[in-house]
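Below, each structure is written out as structure tokens.
One chain, chain A, links the two complexes that follow: it is found with chain B in the first and with chain C in the second.
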Partner chain A sequence: MSIYAIQLEILLVILGISTLLTDAFKPAGDKRRLGLTLGVLVGVVFCFSFLLKAQTDTAFHGLYRLDAFALYFKRLFLVATALVLVMSAEFAKRIESGVAEFYALVLFAATGMLLIASVNDFVLLFVALELVTITFYILASYLRRQVTSLEAGTKYLILGALSSGFTVYGIAYVFGTTGTTNFDSLAAALRTGGIPNGAFTFGMLLVLTGLGFKIASVPFQIWAPDVYQGAPTPVTAFLAVGSKAAGFALLLRVLLAGLLPVQGVWALLLLVLAGATLAYGNLGALPQRNLKRLLGYSSIGHAGYMLMGIAAVNALGAGAVLFYLGQYAFTNLCAFLAIVAVTNATGTEEIDGFAGLGKRAPILGLALFLAMASLAGVPPLSGFFGKFQLFAAVVEAAQTDSRYYWLAAVGAAAVVVSLYFYFNVARAIYLQEAEDNSAIPVTAPVRVALWICMAAMIGFGIFQRPLVEMAVTAASVFGLK
Partner chain B sequence: MENFLTIAILLPLASAFLAFLLPAKKPGAIRALAIFATGVSLLLAICIFSQFDRQNAGYQFVKSVEWLPSLGVNLKFGVDGISMTLLLLVSIVSFCGALVSHEIHEREKEYYILFLALTTGISGTFCSMDMFFFYFFYELAVIPMYLLIGMYGSLPAGKHGRTKEYATMKLTLYLTAGAVLALIGLLTMYYAGGRTFDMVELKKNLALNGATQQWVFACLLFGFGFLASLFPFHTWSPLGYAAAPTAASMMHAGVLKKLGAYGIIRLALPLLPEGARHWVDLLAILCIFNVLYAGLSALTQKDWKFVIGYSSVSHMGYVMLGIATLNVVGVTGAVLLMFAHGVMAALTFSLIGFFYHQTHNRNVPDLSGLARKIPFIGVCMVMAAMASSGLPGFANFASEVMVFIGAWHEGSFVFRVATICAVWGIVVTATYLLWAVRTSFFGPFDEKWNMLHDATTLKQKFPYVFLIAVLMTVGFWPRLLTDIIKPSVEKHVVAAIDNRGRPVAAMGQTPRLASAATGETRP
Partner chain C sequence: MNVHDTLFWFFSIAMLLSGVLVIANRNPVNSAMCLVLLFVFMAGLFLLLDAIFLAVIQILVYAGAVMVLFLFVLMLLDIKASERRRILWLGLIGGLAVAGAFVWELAMILGKPLKPLASADKPFHAGLTDVVKPLFTKYMLPFEVTALLLLVAMVGVVLLSKKELR
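Up next, the complex of A and B:
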């Protein structure tokens, strides 16, 4: 059982180590092809993951779970990793040295994310979280001659270390008051033990602080715009898609598996945080001129939308968060792929630099436009249905507690605000004329990756059923109503 | 026949996908495809109309496909008298819009893709019997509208320096603001109706107390009111039309705007009768502003498209007034007026597009004596102005009279005042339209317009003749449409309000009035 449960992680580690070995024995030649090969191989691992069956019992003495929820996230991370590797291969020429190590680090971070999907114990939670976070410290500052990249790495390091400290401290309190680190026995203890004492609540809040940092929710969001802007674009994409999804996987697992009996304590807190995050992310994005920075703020805003789903504490909300993360991965990767392709040719990440993209490279223009429209939540794209479900979940919660209507109202306002800055990007793409009208080359792998993302965005936007059913099955492990 | 309806709705979208695959170097083929798709949709709509069972007030040609069982979503299309009328309207306007789009000469491929997607979005909203897809199609218009105006529009620099980018962004933001507001109300109804999006089921199950009904109705009224350009949420509308390319103005002023009013008739009135009672007085007051304020604004405009833009805001005031009456005559009149105004607005905008394409100037005082060079367009414009001012013989007359009768019949002081103001609104309408037509089409001929070409071939004339023919046919024979609208209004809209404690004495007379207005004699 134990080995069966972690075979995907094992495969990724093998891939990572062989990447390092290949680099040691082969001359520094075609790094691009290496990245593409790895991307395809991770894609194969993704397909392989569909052969695995969800398990009901735990592995490694209750540390690890391979349930439907874990499998959903593992697949999500594998797809994201494959596309990030393709993106990295395109980006490789801008990395001065250590390209193979870059790929390997991406793979190791992915391994950490796969572990996170299965976490069932605070101890494994911390180990897996650190595997991801520490890898990202290095990745964020990979362009070592670029000040912005170094700044990004340093900021992420300092704030990340701080939040890790909070997490461990909080885990200690939770363990001290309940005597367990395992989520199942924690839930059982809380169910029988009645109202927890202040020390437990304090510990729980500290754990939430650490997770809040991962998902960039208010008040732990300050790092996001700087890091998103400064980090190498594939790393930014991986942060936005992988690291954020990992944070949400943990948040869902901790809150809905471990701390569900005390939902009265955290649900209202999350409601307030969701509203604040929505407001901060969407208002902060308004004046941005740098596209990556804009997406940094946008990622804060989207954390707010997804927090709406968790704050609602119902089955629809949990499923909606999973659906949202699934489609969000394709949407964001689509945007970042287009950014990498454009920046490779023009060298600018400013929104004005994307002017006339619809003419210069129709496919990039279309991809970036669709990604923006999907982020804004406009049909027929998947972002629309994601938001629809989240709003439905919040309104469902509002049927019993009318305070949730305020959250829905904030979310509705956020949608309108966000439309403005997303469509400003669309305006640059289609409405503005470029000064330099030369065509931007698009390589075949990027083309394929973009088509996959666009097909997913439109496909899941119109035919939502397959992804919804996967998400609902995955969310059903929490047994919510 | 069920499949005919689905095909009529989805064919334009399918053609948009097909056009996406065609090479951009062959704009002729893409244009032909667009005309073909909208033309076939029109034929199918006429076919459905001819087969429509006039004795049956319920939904017909219902086709349902299970879509998302976990949420209770079905892709369910069906038409009753109200949506049948509006489906005809979309088909007519989109077909004519495709025909007059020959003025587009660059990025044709994207243009027709967006236009076709927009068409499906609108007809899908009118025919959806499922609230989820209603909302889905409603929002589907956002992308095409934004890009159509932004990419192909034109806005002569006004005194505020407003650009078409500004106009299209404003329009998009207003539309979305209204949509999300309505969404919260729709979702509340979803839960109160036992987790179903099906409109028929909802009507059976929905149980909301009076207070909740009031605020949910407000969400829907103002949410949809944004799109219906209800005062004070109308400011996006004249600006948006002025900036839009011809076909987009036609679709927007003619049809898209009606989605808002349709949403109120279809969802808000029948499902939230107590809420409706609470808000109608305010709505009637807002309608006065719509009619008179927008009408007076139109008086001060110089740009043809702004004149018509404000005019259409003003006319939506009549539609909303008809809705506010909550009686059969008024609501039937509102639906008929939606049809009449849709065709008329499409006609006017297409005519403006015709000469603006050649003059590149649509400032009324700059144009003079155009009728000498383009008599055909001049004649059509005169007819459009007559229709718009509610002259007998055009569909607008019949529908406006019904709205006035319905509103007067409502009896309360507010409605009496509103009716009087609305009737005066017609005088305002006639004033600015006749001024605009006289100034630019008659009067001394300016030599600089010597280069104008009139519509001479049948191909060029067809869309205008067709739209006028529709207006006059319905104008002379309103029963063609009122016969199907009225039973549905009775069954779906007014019956719900009757059942919940509306004074029966006043309602007892409505059928007679309805018969009088439609020229029907019934024992």
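Up next, the complex of A and C:
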């Protein structure tokens, strides 16, 4: 049944390779339409994913799992990919060469993410992680004529290669001390054998270093603002939504499936890191004038919120992280779609460039405003309910260990700080007067994509139940209390 | 000290020295040649571990194929010896501090006798079949994903190095 388990990945690879081949032999005249078609096709794959059933046993000799957790993440990645492709199609006119390859690379990165959702072994973890990361090196430096894009690509390449090195080195130590790379047998060995000595902990920390880089948590967050600002906007969006969710999927799998027996070692570490990440992301965002850079800092801050849920090590926390990632994808994609549409017309990413957007293009103004409000966690939007669950998980953990109250306090302070910079953007949209009041055109696909995102933000904020139920089912595979 | 230990120290010290020379050399071709030396000494270490297949592959693939490609690229790019760079003291001190902390941590861990779990205490084989057979049976999926990875890398190199944009 191994082929059954990877059919979504196979579909994406077929899409990617046929894009490359048709472009080589019969180039499409209208690249924008090609991107939109691919977006719709990925949407079809997303619908198809609901026909798949979660499997209890593993595939590929225990390397791969198609459980509820994997399916949740696969659907999340498919939605994100479809919307990113629509965004790329709008962005296509600013890419000088290789537009079809750009779409293909997005599809290949998505394949890597889908694999990551199912990883159950360190060997597959490394290969899938590299597939995603190497694709992003290329995508980030895609606008070769722009120095900022090249800078983003180079920085991501150097730091990414370093963190991959740490990950492999750590995997070697974990394998050397426990004799297995499989998460299930790792947990079993740790349960019967107790915690091995220093070398194992060292290896575990090195693996966490690599994953910390992916989710941009302190102290591996330095790259995020520069890369987010310099990379082409659809790539930034995919980094913020797809790559980050992939990092969290791995973190949850590794910590809650493989390393749960040694939670005493890592839970406290994550608690400190979550607090530091929250402080860094939210304080660093305060002086930013460039909207993409601001969202880079904001993504560090949100990694902090989600780390709170993992640090709590309870069922509520794991489910909350999944819910948060789901709604975060729609919120961020909404913001980046609006940014692409605005910068296509104005050419600026500075926050001042968004002045008077409420008048110039009401739907873009509304979408960006709602996204900022949801990121800040204003009810009744989905961001509020996501944060509510995460704080509830931390408070529950605090019942047994009072140090968690400190984390909740830092989180609450971070929310207050974040209100300032998110509403700074909102102020530009509605209260600031623009020098040029000409209307900004909004194409039909962007309009549809924006309505989908806004419907999700408001819908999951008021009727949280469907997504919460999916998240809780997905998180239940770890068997936490 | 027996022959095995002597060889181990020889290979590791020589490897570290060539590693330093790779980054210290200002002429890229010399750097590349030092890298070849590094690969050869690393192959020696694999030999000492009885991993004969890995040692051979290390020489064939890295010292042979990969390095030839490296040199080709250097030749095509026609890079002159790079100018003497200004040393960033903050970067140097910071880098050395991190490296020092890392080495100290390693010394602390490896100074104590390693006690792996019972499950890890198996004899270790690294012959040809031990390496190759799992690649096509147990680890088939990662192996296939590597193919996709190589495709992505190839597309990326072509796109990023293409002379004219059109």
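Criterion: the second predicted complex is superposed on the first by the 479 of 481 C-alpha atoms of A that agree within 3 Å, B and C clash if a C-alpha of one lies under 4 Å from a C-alpha of the other, contacts with A are read in each partner's own complex, and residues count from 1 in each chain.
Here, a contact is a pair of C-beta atoms (placed from the backbone, for glycine too) under 8 Å apart; a residue touches a chain by one contact, two chains touch by 3 or more.
Since the model is a prediction, treat every value here as computed from it, not as a measurement.
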First (chain B), second (chain C), both or neither touched by A:209: neither
Partner chain(s) touched by A:20 [first = chain B, second = chain C, both, neither]: second
Which superposed partner A:396 touches (first chain B, second chain C, both, neither): first
Touching partner for A:196 - first (chain B), second (chain C), both, neither: second
Partner chain(s) touched by A:380 [first = chain B, second = chain C, both, neither]: first
Chain B versus chain C as contact partner of A:415, first or second or both or neither: first
Which superposed partner A:236 touches (first chain B, second chain C, both, neither): neither
First, second, both or neither for A:472, with chain B first and chain C second: first
Contacts of A:426 with chain B and chain C, given as first, second, both or neither: first
Partner contacting more residues of chain A (chain B vs chain C): C
Chain A positions touched by chain B in one structure and by chain C in the second: none
Residues of chain A defined as touching chain B within the complex: 316, 319, 373, 378-380, 384, 388-389, 391-392, 395-396, 398-399, 405, 408-409, 412-413, 415-416, 419-420, 423-424, 426-427, 430-431, 464-465, 468-469, 472
Footprint of chain A on chain C - complex, ascending: 105-106, 108-110, 112, 114-122, 137-142, 145-146, 148-149, 151-153, 155-156, 159-160, 162, 165-166
Interfacial residue positions of chain A with respect to chain C in the complex: 2, 6, 13, 17, 20, 60-61, 63-64, 96-98, 101, 104-105, 108, 111-112, 115, 123-124, 126-128, 130-131, 134-135, 137-138, 141-142, 144-145, 175-180, 185, 189-190, 193, 196-199, 202
Complex contact set, residues of chain B against chain A: 67-68, 70-71, 132, 135-137, 139-140, 142-143, 146-147, 150-151, 165, 169, 172-173, 176-177, 180-181, 183-184, 187-188, 190-192
